[in-house]
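Per-chain numbering from 1; labels A, B, C and D assigned in written order.
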Amino acid sequence: MKTNASIWVLLLVAYGAIPLTLGSNHYVMSLLVAALVIGGIALAWALLGNLGGMVSFGHSAFFGVGAYVSALLTLKAGTPIVIAMLLGGVGALLASLVMLPVLRLRGPYFALAILAYAHIFKIIATEWTAVTGGSAGLSSIPRFPTAFGFDFSGKVGSYLIILSVVLIFALCYRLIRASDYGIALRAMHDSEDATRVIGVNSVLLKALMLFVSAFMTGVIGAFNAHYINFLEPDYAFNGLWVTLPIVAAIFGGYRTILGPLIGAVTVYLIDQLVFKSLIPYGHQLILGALLVAMILFSPSGLVPLLRASVRRNHAAG
Amino acid sequence: MLRVEELSVCFGGLTAVNKVSLSVGTDEVVGLVGPNGAGKTTLFNAVSGLARPSSGRIIFDSVDVLRAPLHRRAKMGIGRTFQIPQPLHELTVRENLLVAQRFGAGQVDQQKIDEILEFTNLAPKGDREAAKELALTELKALEVAKALATNPKLLMLDEVLAGLETSGKRRFMAMLKELHQKFAVGILIIEHDIETISNLCQRVVVLNFGKLIADGAPDQVFRDPEVIKSYTGADHAGSR
Amino acid sequence: MNRLYKKTVGLTLLAGLFLGCGVAAAKEFLVGVEIPLTGSLARVGAGMNEGISVAVDIFNKTNGKHTIKTIVIDDESAPAKAIAAVEKLASQEVVAISGGYGSNNIAPASDAANKLGLPYITSGGVDDSLVARGYKTFFRINNTVGYQKAMVGLIDALKVKSASIVYSTKEATANLAKDVEKELTTKGFKVGMHAFDPAITDFKPIINKIKLQDKPEVILMCGYENDYVGILRAAKVLKPKVKAMIGVWSLATAKMAADFPDLMPWVYGTALLPFPAEFKTADGKLFAETYQKLYNKEPDYLGQFGYVQSLLLFEAIARAADNDTLHKGGVAEELRKTDRETLVGRVQFNDKGDNINFVHRMGQHQNGKIGIVWPSEAANAKPNFPAVPW
Amino acid sequence: MLELILQALFSGVLQGGSYALIALGLALVFGTMKVINLAHGELVLLAAYIAYTVESSLGVNPVFAIPLALLIVCAAAVLVYFLVDLIRQDRELNSLLLTYGIAIILTNAIQLIWSADIRSTGSAWFQEPVVIGPLYSMRSELVFFVVSLALMTGLWWWLSRSWYGRAVRAVSSQRDAAKLMGVNPRKTELVSFIVASILASFAGVALFSYGVIQPSYGHVLTVKAFIITVLAGMGSIPGVLVGALLLGVTEALTVTLASSALQELAGMCLFLLVLFVMPNGLFGAAGRRG
């Protein structure tokens, strides 16, 4: 009951208070949008990690493919942006199809094999000049349109779009986790053989999670392309699209749904507002240190830690 | 129902199961005995799909399942337990069965789950987290309950009695005796204790060094000099 | 206390209003600098930033009336951060932005600046698509064509007929390489093209291909510092029979001469000024002096570009302030009227913001110094030809 | 054409020699600890920058930087080891994330200390061309190729003869069995980390002597080293050497026969191909499937 109430308050703040009070401050809004983009990827990454039990260093592949597919569809075929963004997700999903063989691989092999795919996609985007524009990239990618009398291409509009996308994904994640598939996946985490002998097709389930994660990341990538209006291989497939979400997800707690989101917003804002003024050149160093510290001292992240302390306080009070 | 023909399983240079043939019928309870390292669990693994045989055939319900993946064999009706209980982590006892039923049997039937919980004496523990809050006897019972939830035709039990103290063992024995009738399953059971086997099984199969050395009624088989030699030679009296 | 404070503030405000309404007063203007100081472009960004600081120093000393203060934000070589930087600068009420490196960062950053009505001047991106947008607020003082003219001009002057181009698949280098190829081919040259991935380090296989298959008279290199070092090293080992090694940016610099003395002899590259710098104009001398004072080293081309772009901007701001059009789009208007000799030659902007006069110069490493060898009117040395580092 | 291919093979083999040195360290640590040290490339790069500092401040040949590089890189590696050792749960995956974080720290620290400028040796002696018939190379490449072969032979000898070497091998293949034999697995893990950092130090100095270094290069090295260990299959020194040579030659041949722009692609495709067709690598026996 109590968590329900706090979620409603959170929604009210996110949809009402923030755009109304900070909407005119372009700088803060662009920080929030960027943080939500990272949060979206972190969510998708954590879904694969939590339900699929897989660590990926190659999510930039899905981000980049989604961005390119959506940008090219709107630029060359005139597809409406909403449909193009969904197709961007589908494109990322199709890209994940070629990764299916990697699913048979264990831990580190999977993590790095998927990184190899990200490299390959980047080189393809660079070399396939006729379609992707090569290293010069694509510019003037269409912005979000005006709908219901509201200009979605502005900061507030973009913020509302990415906020909604990320929240819808969080809801999907929640539904998946609560479903039979989700329960089986949770069980698979530590006892894969035991789940398989009772009839769970673990490879199929993992593949499904890879698809979902890829789709989500692709849509986020597509959003970013229409928001920045510019794409080039180095940017679309940049390693930063993996680094930041990983730090965010681990920081917030990758076994929870809201953890990666809260982690992304916290980490990104602190990074940009505090670390950046502390060490102007090379503040990522602190991000690395943060990741190390979290893994060592609280591998399950901050959100479960907080929740535990709240519970303890309740018990005490 | 289950027919294993000339089955061999190799690990590197070692032949763990060597050209073994055996069968289990729908209305049979068959014991599988032999000293440690005789290849009993490996045989289970091969039949359930965890180990890859190097040659031979596994026929289940007149279908060759040698190439079928694990989960498909489970759906066809091959159920098994593990010697070291492997409860599904992070799930309650009931959820354990739910997953088994949903994926193994294909549909969820709460009534059946209740029935199984009742039968395995786990009903009071339904909402406990399986991996953390159960005692050994209960974990062993959960192994059987999980397998039952997949609606098996063949149940392979791997030393379900090992490690239990006497009273737990007695209760478990009573349960096993009923199992075959109540759920209409064929049973293949690995057990060291000769008395238990004689008590439960109509037929017993003996493995030694991966080879089948005897197959027949318990009283007959346990009098076979070769079987006795294999047991005493490996220093394995039945009373452990 | 409190009342006194209020009074003072009130008076100041009043005075400010008065002055603001009358003739534009001497005032400090905020200018934003959005530039990469970390990430892949950290080095070039830092170089440009030095030039910008020099421009501030000089402007504040010489203008006498107005002063400029800059706010620097690192864009981390990332487009999204570049946008955020521009927006943050706008929220801090800057009147214009100088900076940017890499067309991929400049495009979205100047886009954001355009939306906010802020003039944006740069020398860090040569991609044609930047000016194709036709923004009224966008200006740049260099372009691919200027580099192309310089390279082809030098090749013409050297009277050779065949060339092999080794180029990085990065955008600026690949574009330049293809443009040069096109022009040379129409002139009847035999041109071999060799693209390389920015990640590779061993250039011997490429140079060997050129040596055994292309057999050109000169090798053209479109890359960055690490690429040049790799290419020249491979060439020094394989010794292809060419008459000259010609590169573009970041090559004919004092830094390269000092860091790689054995690789640089007789190599050509674009250079604004000879080294040691000979500044003939008063403007140039002042620049070199100030640079020396602030950074204790000889200025390089990045600093010069950063200096020129910023000084032009500051002058336009001063003029706009004098005409009282500062907040009515006056800065962009005044920038467009620019017509001035600078360290990078005469600068005039067309209606898309491109510098129509931009032609680079070619320098050659000569005994640890750099001589300008093309065009003849700017030359202070004769090209040593044929000559290679080996 | 033949001349071209011969030179490509030669260049590829020389390049492979230094790849092998880097990959070997990664493979050794993975063997004993089942941990992929994603900061390994950064350790190599650290050694390279130490070589730069020694060369530029003392004006001596970069090989004289090796003792200092050994000292610092070993210390850094031991620190990494103790951090990894602190991990309590789910070590296989958490160690990946941990070393990933360390790699980020090292990359940025290197940039803070040495700035983003590119560095390479100024030693003329090292850059002298050496010509063997139709084959060309830089002296530093040949020197370090020989050095890396010698190091690998030494390591092979050490692993097969010394007590510690055998302990390392025992822990790699059968951790629990090794424990029963009285081997302390943690000690051997530490030893393997130190040996890996010795190899990394030499590889770093070599890298500085024939190549160009910049702060972001560490990541590339780690990925290449990982590709090689996959090609090799875990736990085989000759395998790592062959895998490294294969990668070097593939890259050089791609440049010669197709385009240099496709060089990285060729390496990645080779990696995936081997992963799918021969999941245990060209030489390995250990499984990596789930």
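Points worth noting:
Here is the rule we use: contacts are C-beta pairs under 8 Å (C-beta built on N, C-alpha and C of every residue); 3 or more make two chains touch, one makes a residue touch a chain.
As the structure is a computational prediction, the values presented were derived from the model and not from experiment.
Taking subunit A out in thought, with all other chains where they are, the connected groups by touch are B | C, D. Graph distance from subunit B to subunit C, where chains that touch are one step apart, equals 2. Distance between Cα centroids is largest for the pairing of subunit A with B. Of the two chain pairs considered here, C-D and A-B, the higher C-beta contact count falls to C-D. Ranked by how close its mean Cα position lies to the mean of all protein Cα atoms, the top chain is A. Rounded to whole angstrom units, the spacing between the C-alpha centres of subunit B and subunit D is 48. One simple way to say how far apart two chains are is to compare their mean CA positions; for subunit C and subunit D this gives 38 Å.
Subunit A and subunit B have Cα centroids lying 44 Å from one another.
Subunit A and subunit C have centres, each the mean of its CA atoms, that are 36 Å apart. Contact of a single residue of subunit A with at least two other chains is seen at positions 123, 126-127, 281-284. With touch defined as above, residues shared between interfaces to two or more other chains in subunit D number as follows: 111, 261-262, 264. Residue positions of subunit C touching 2 or more other chains: 38, 40, 42, 169, 197. Pairwise, the chains that touch each other are A-B, A-C, A-D, C-D. By the touch rule above, subunit A contacts subunit C in their complex via residues 25-27, 30-31, 34, 37, 123, 126-127, 134-137, 139-140, 224, 228-230, 232, 234-235, 238, 240, 272, 276, 280-284.
By the touch rule above, subunit D contacts subunit C in their complex via residues 3-4, 7-8, 11, 15, 111, 115-120, 122, 124, 127, 129, 136-138, 211-212, 214, 216, 220, 251-252, 255-256, 259-264. Taken together, the subunit C residues at the contact with subunit A in this complex read 37-38, 40, 42, 74, 78-81, 83-84, 87-88, 90-91, 103-104, 107-108, 111, 116, 127, 129, 133, 169-171, 174-175, 197.
For subunit D in complex with subunit A, the touching residues are 30, 36, 83, 86-87, 89-90, 92-94, 96-98, 100-109, 111-112, 219, 223, 226-227, 230, 261-262, 264-265, 268-269, 271-272, 275-276, 279, 288-290. Remark: subunit B residues 48-50, 69-72, 74-75, 79-80, 82, 86-91, 95-96, 98-100, 102-105, 108, 131, 146-147, 149-150 touch subunit A in the complex.
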